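In what follows, chain A forms one complex with chain B and a second complex with chain C.
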Partner chain A sequence: MTQFLLQIALAGLAQGSLFALTALGLVMIYNASSVVNFAHGAMGMAATYVAYVLIARFEVPFALAFAAALVAAFVLGAVVQAVFLARLRNAPLLSQVVVTLGLFMLLEGLMGIAFGYNPRPMRESIAIAPVILGDLVLRPQDVLQLALLLILGVALAAFFAATKVGLGMRAITENTYAARLMGIPVGRLLAIAWGTGVALSAVAAVLAAPTTSVTPNMMDTIVVYGFVAAIVGGFGSMAGALVGGLILGVVVNLIDAFLAPELAMSIVFGLLLLVLYVRPDGLFGRAQVQKV
Partner chain B sequence: MLEARGVTVRFGGLVAVNALDLDVPDRGIFALVGPNGAGKTTLINALSRVCPVAGGTVRLGDVDVLSLPPHAAVSAGIARSFQRAELFPSLTVLENLLVGLHSTMQTGLSGALMTPASRTEEQAARARAERVLRDLDLWEVRNAAPADMPYGHQKLLDVARALVSEPALLLLDEPFAGLTEAEAPRLLACIRAAGERCAVLMIEHHFELLEGIAQRMTVMDFGQKVSEGTPASMRTDPEVIRCYLGTGRHRTAAASAC
Partner chain C sequence: MMGLSKHKEEQMQHVLSRSLAVLALTVASVTTAGIASSQTATAPGATVEGDTIVFGQTAAQSGPQAPIGASKWGLEAFIASVNANGGVAGKKLRLISYDDGYQPAQTTALDKKLVYEDRVFAIVGSIGSPTTAAVYKALNEEHVPLLSMGSGSPIFYEPGLKYVFPSWPIYTTDGETMGNYVKKHFPGQAAAVIYQDDGFGKPILAGIKKSLGKVDLEIPYVPSQVDFSSAVIKLKSSGIKVVMLATIATSGAQILNQMDSLSYHPTRILTSSACGYGGIFGAIKSLEGTYCTAFLPPPGSSDPQWVEFANAMQKYGQGHPPDIYAAWGWLAGQVAYAGLEKIKGPITRDALVAQLETLRNFDTIAGKINYSPERHEGSCCQLLWQAKGGKWEIVPDSQFNGSAMK
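And now, the complex of A and B:
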């Protein structure tokens, strides 16, 4: 039984890495621009079609197609910020959020028109032997997901701690007005934050594609869990998003194994209410104190 | 030198700064004084590109300041502090200063890779930040978050962040407001030193303090220049007495620092 539980937990961590990657992107965009990006999953999905077309029609190797999808996602995120949201900088925040909702529906519709709604299979991304850890087994896909989460988590931490651009983004998060007056090109850094955030969504989407197949709504469930992971982590904390995603993956996998997959979403949201009741600012969030 | 001609700032129907001319030489301490609502902070905001200017020209050396986007003002040599400290509350004191050096640093993403160029640049930036923090007695709290510091320290940090970029024109908006008697002398010494390297244009209400450090002062009222000259000449100027000085006085922490 213990071994079975550990296997479930391990698979859950791998699944949770997709939620964590999605949540990291959401938090990165939210921290920089204060906008909750409801098009986050759809933008990752749209970039996945780039990888799909390159692999299925042009037989491009997976790694190259993956890289192309990330570039496409970065450009998509940066353009959405620079073209649409920058113009709405002084508009009510709700207007900006509604733009992302509209974009979500637009992208799913456009991809549906272009590629149809039938799932299109994506082959396994890497061909390595499963990793055996004692009695536990990790699929190659799981290894790739966890490894990428680890690498990107470390890279993001280094980016924010040790680069001028990362420090600039943290300054924008804290005080956009002062950041601009300190010589930080706020528009450019916001575009970079959006581009990077959407690229993280694309990492999750491309990695999920062999399991979900490529469809316009392939990210709908993952992005909802990404939101939950970000909230559990204390929306705003990158570390919280990462840990929240991994915890959520284990929880979802346990529900799938011991109850029923159809109940997972309902139970997860029930647990979310409980977590927020006990810790309103999430596990890693800090209470918002306003001095008067 | 700074050369402003006919600077006008409007907020709807209100003319906050009205066709104001101002010359500030390359070095020295210059003051903007006047009653509340005179347009002093609005003028500083216009010079630092915070608010749009309806008319006039501003040149700093060869640079047409009004053609710059706000974030380019620092690169052009203009740094400022704020009436209420505008800090990055969760970043450390040291990081706040490094943000102030953002426009002077060349290496971007390569910082994370610790390339020799980025290491050298970061060491130089940290050395500059350390020098300014030591001058203002803030080095001991370099790893603290401003949100956890007393207000006087926050004001000092706000000025330190402007100083660290080694600007050609340093704009200070009531830098002594909220400082204790122990903190004011440190800031005064820093401003005196800065005035030997660059032009300092400072809004300040403590006339006695300005008499000790300012070469010249411009008195504003209702968005216009009322008078201009040495502090001694302003003290006896009937227009300045009418609109600003009045007849009463009180000493403050900042005045005691002189």
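And now, the complex of A and C:
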């Protein structure tokens, strides 16, 4: 039983790392632009097709294809911000959110046209056989996912704390108008924030692809859990998104194993309501105080 | 759009117009709902008056279930080959097919549009259990024939559904085919079922339990699930040696890939809906040795029915491969044609139903089909394929006859 529980927890952490990576990207974009990006999963999915094509058609090594997908994701995010959302800067926030919804449908449709909806295979991120310890199986790709999450989490924390670009983004979050008056290139930094956020979604999508297969809908469920992770963590908190994702992964796997997998989504949203009732700003969020 | 093939162009237009279509459908459903509620019996178009018989279809062309929507291309190929040979009963055939995204609410609105606005003669080859379940009673009450839906859900085989003609083996037969084979070839081995928790997976589970008596572990799932590691860990730690999967294509691929990544290699039997797409051997790298239930010849078969279908797909399939999902559409065309061909006199819906009910041992790509006024049974039998050397091979001694009209 202990080994079974341990295996469930390990699988949960691996799955949770995907939710956390997705949530980190969502939070990054939200913090910079106040836009909830509903196309987040679809943009990561679109970048995954870059890796898929490079691997399947040109036999490019996984690491290189992965890097290319991240570059594509960054460009996609930056272009969407610079071309579409920048023009809507003074429009109601709802219009910007609806643009991301439209983008979500457009990207899934376009990928469906280009590649069809049949599942397409993605090579494992690490071509090393699992390590078997008694009944316990340690999958190298799970370790890679967790390691990448931690490295990226630390790197993002350092980025916001110690780099000029990171500090600029924080200034934009605090007050866009004041940041512009201080000479911060708001447009450029927003594009970088969107590019980085979408690249984080692409990390999750490429790592998920060997399991989910590459399909236009491969991120649909993951991004929903990504939203939940971000909210549980306290929308806006990077640390919250990371921890929220990992907790959520374990919780979902425990529900699958011991309760009813068909009810996982409902139970998770029930728990979300409970968490928000007890802590309206999430586990790591700070209460929003407005001066009057 | 220059440089795109005609098919790609059509798909592009389809995607761009999808949002507008949804809006139009909402309006259409509101208008037609009133019409539908005022209709107590037959819908318009009960008699073919022009020189064309129009079929209607709903099939997912987008979303996670889009692979099975390839049925549309098989039906289009069948219609094109019939028309190329002069049509049927002196008329040409035409198909109006809409993308319902596998959403029952969309199917309901689209079928109303097909019946009351497009005035189709019959609904042919529509895809999906939950989607068809949303419309079959209304179509039956409105006397609109619903032919060869892409489902073996038991609800469509109930007596009294005069206008409903399933052609697939009932899903319990699918389950019994798996169970019988396990009973015969893997006796005493711990067996489990992973099943989709709906009208598709549950009857297959029932069929398995009917033939095996019991299974050691039952694991339900929902189609939106992407991580099956808990399920696979549970199977492995329970010592399960045989796993039967009543899943759709994407979930089947995910589960088998998870099994492989967790170094778990039981005997695996997939349901036919999970293994009909081209490219499955690439999508599931551990597929070798896996079994799959089937009621159609394996792709690439030399079976004359398959060869005829594959040739037509090459000619009229608009670039789509002759896979199992397309063959479902071809089968639907065969059923509709068989009834129409026998009509003498005016082509009416009631005449079509009357002729279909006379079909005995009617040869199709899915084998023999039987209908009678008392029973609309569809295909009787299923067997197993096994993945060997990158292709499917028929497993000898695996056929199960679930017919009550033997």
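FYI, the second predicted complex is superposed on the first by the 283 of 292 C-alpha atoms of A that agree within 3 Å, B and C clash if a C-alpha of one lies under 4 Å from a C-alpha of the other, contacts with A are read in each partner's own complex, and residues count from 1 in each chain.
Operating definition for what follows: a contact is a pair of C-beta atoms (placed from the backbone, for glycine too) under 8 Å apart; a residue touches a chain by one contact, two chains touch by 3 or more.
In this text the structure is predicted, and so the values were computed from the model without any measurement.
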Touched partner set for A:Leu110, first chain B, second chain C, both or neither: second
Partner chain in contact with A:Asp220 - chain B first, chain C second, else both or neither: second
Chain A: partner with more touched residues, chain B or chain C: C
Contacts of A:Ala63 with chain B and chain C, given as first, second, both or neither: neither
Touching partner for A:Leu101 - first (chain B), second (chain C), both, neither: neither
First (chain B), second (chain C), both or neither touched by A:Ile126: neither
First, second, both or neither for A:Leu259, with chain B first and chain C second: neither
Contacts of A:Gly166 with chain B and chain C, given as first, second, both or neither: first
Chain A partner contacts - residues on chain C that touch it in the complex: 8, 11-12, 15, 18-19, 62-67, 69, 197, 219-222, 224-227, 229-231, 233-234, 236-237, 249-250, 253-254, 257-258, 261-263, 277-279, 282-285
Residues on chain B engaged by chain A in the complex (per definition of touch): 48, 50, 70-75, 80, 82, 86-91, 95, 98-100, 102-103, 105, 107-112, 114, 161, 165
Complex contacts: residues of chain A adjacent to chain C: 3-4, 7-8, 11-12, 14-15, 102, 105-106, 108-110, 112-113, 116-121, 124, 129-130, 132, 135, 137, 139, 141, 208, 210-213, 215, 217-218, 220-222, 252-254, 256-257, 260-262, 264-265
Residues of chain A defined as touching chain B within the complex: 155, 158-159, 161-168, 170-171, 174-175, 177-186
